[in-house]
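Per-chain numbering from 1; labels A, B and C assigned in written order.
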């Protein structure tokens, strides 16, 4: 590479890699290839059939365009229901998250309560909202109630975890100072704890509201209300152009929600 | 507080006749780890004065100060603030007693997102009901006092600034104003200048001295900078291993006394650049 | 005491600020009331909710471990869907990220295209993508892999685009000054700088995808979702518990791997 290299110096030079040694890099890529081979051969995909089915796939894709908004009242109803589920679930979630968050804060709650609350949070976070939705659908039947409960539960878990972390990361100094003036417990909470925690919590709430809007579109697929149900029905009826209309609406709604959420959270700074 | 025998009643009357501003009797603090932080400390303040407490880290200075308003719970002993034993008070009584003691902290401990005025007013929280304090409905004389205090500490016009927009010296002044809002009978200062540069440290110490004289309120100051203590205190207390080993005017703080307080090897006169090492 | 005159009232917020706060609060309250009332909730349902929940829990316990061998294969398939889908999305995300980053895109049209792909990909949930691809390709893990990839492309590309935009310009200029071609500049100056972000984001998304893949079976896109759905529909609650535990296990393990790798990177 170098014009000035003297002839007895090593003429090759290898660039360093992220993996430290060439060996590790080779091993990594080797593993990747082995994995690809293994997974693609053991997975339940009939590649021959898939290739043969390509024309049909193309046909369906073309049938999705242009999107058909003829049945827009159905669309609007479904979308509104999703929005309502998202908002209502956020509120219930906020209310439930406050005791949960306080119990899950190591510097506030007694040990057994803390462990129980944290355990609940770990379990609650693991499962996809669709799984939770199915449960609630089984318990409460089809419709937006199941959706509301699903997202309220998920929101409470998420917001509770955030609240607990904020409380744990709180500065103790101002709390001690306010306590030293002779203030009561609730005055300490309002004057020293809340200002530290409030702005971040508001931001997190807005974020969750946006997330709930996304999730509310999905849980309808399993019957928990909202536009997901409309979408699922349209696919099973092969109304592909209506499906794409719905998809576009969902995308627009979600993008709008995210933009709104970013804007509010920026203003809160 | 239970009924008292005749003897106890006589004792109480006798003490009342001789009420001190602050009297600490046989104060002991043993931490759960077994560390004996305070061993039978006895201490009296009988007039408004600036008392500086010096000693090496772990000697018990901070524990002592925090026991006085029970931010740290004493293991045994009595602390009489104008005759009333703080140690025996229940939660409600303790809160009432804390109102009478103003505390100023090394890290200022202001609520950073709140404005200067909100921080100063929080000194009156012990006197204002919950609902009113949430609505910031403080009595007009409190507001007037707050403005006056801000002027006195040199922060006129700063009332609507956020606390985290202030410099260290300014924040400490807000802390002082907050403590004075309580109209306390006693001021406690825990390393108030440890986080400040030398010039600001001197300004703050001067301010505290002036306020002690104006308001006739005694102040106990934990301080690690011996030169600063000598320059501004009326009286110096030296702690070593949980005991008071020096209690006299600054003029009598000889090198021999310092060796007693800090231990020969540890005694290291700080260069006059005010190293901000906490205790 | 001084004879100076000090004001005796003080307000935290100006009247205008308070009005704005009131409006926000009123708006939120209105939205809340509208949502809750419009949903027509049967509050009577909640009366015996705790009984129902308790009943459910007793039916689930003890877990029916005999069901475990049945779900091993679907579990593995779930992980394959997540992994293959993430791999595909990484390959696709790189070009999209370069398109969506202001300093590497060709012109504003391509930048808009890149941004549009990001928005489209991120706004549609993995499960919904699953619906779409099941309709196109028919049921099976192929649809699942496409679904995972479709959702992940936007996620990964967005974060990479942000990293590209924050790249140290000096390094780019230096390579450009040598007369290298654009793609060479990207490879030499940009790629090394974004490599940590790329790896961290990919692993993070893979972890999320494991969770998402576990439910793709509900719409027919393969994985353990099918067994879960069948068990729930058949009221076989003790089987359901086994599946849930299995899902919990793979999610926890994948989160552990993800956290470990990401901590090693930074």
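Keep in mind that, in the parts below, contacts are C-beta pairs under 8 Å (C-beta built on N, C-alpha and C of every residue); 3 or more make two chains touch, one makes a residue touch a chain.
Fair warning: this is a prediction, and the values are worked out from it, not measured in the lab.
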item	value
Most distant chain from subunit A by Cα centroid	B
Comparison of A-B and A-C (more C-beta pairs in contact)	A-C
Centre distance in Å when subunit B and subunit C are each reduced to the mean of their C-alpha atoms	52
Geometric centre distance via CA averages, subunit C-subunit A, whole Å	5
Approximate Å spacing (C-alpha centroids) for the pair subunit A, subunit B	50
Numbers and ranges of subunit C residues touching at least 2 other chains	none
Residues of subunit B engaged with two or more neighbouring chains	118
Residues of subunit B that touch subunit C when the two form their complex	115, 117-118, 136, 140-141, 143-148, 151, 159
Contacting residues of subunit A [partner subunit C, same complex]	18, 32, 35-36, 39-40, 42-45, 50, 53, 57, 60-61, 80-81, 83-88, 91, 123, 126-128, 130-131, 134-135, 138-140, 144-145, 148, 214-215, 217-218, 221-222, 228, 231-232, 235, 240, 243, 247, 250-255, 258
Contact set on subunit C toward subunit A in their complex	31-32, 34-36, 38-42, 45, 49, 52-53, 56, 76-77, 80, 83-84, 87, 119-120, 122-125, 127-128, 131-132, 134-138, 140-142, 195, 199, 211-212, 214-215, 218-219, 222, 228-229, 232, 244, 247-248, 251-252
Contacting residues of subunit B [partner subunit A, same complex]	69, 71, 95-103, 105, 107-114, 118, 122-127, 130, 133-134, 175, 178-179, 182
Subunit C residues within the subunit B interface of the complex	2, 4, 6-12
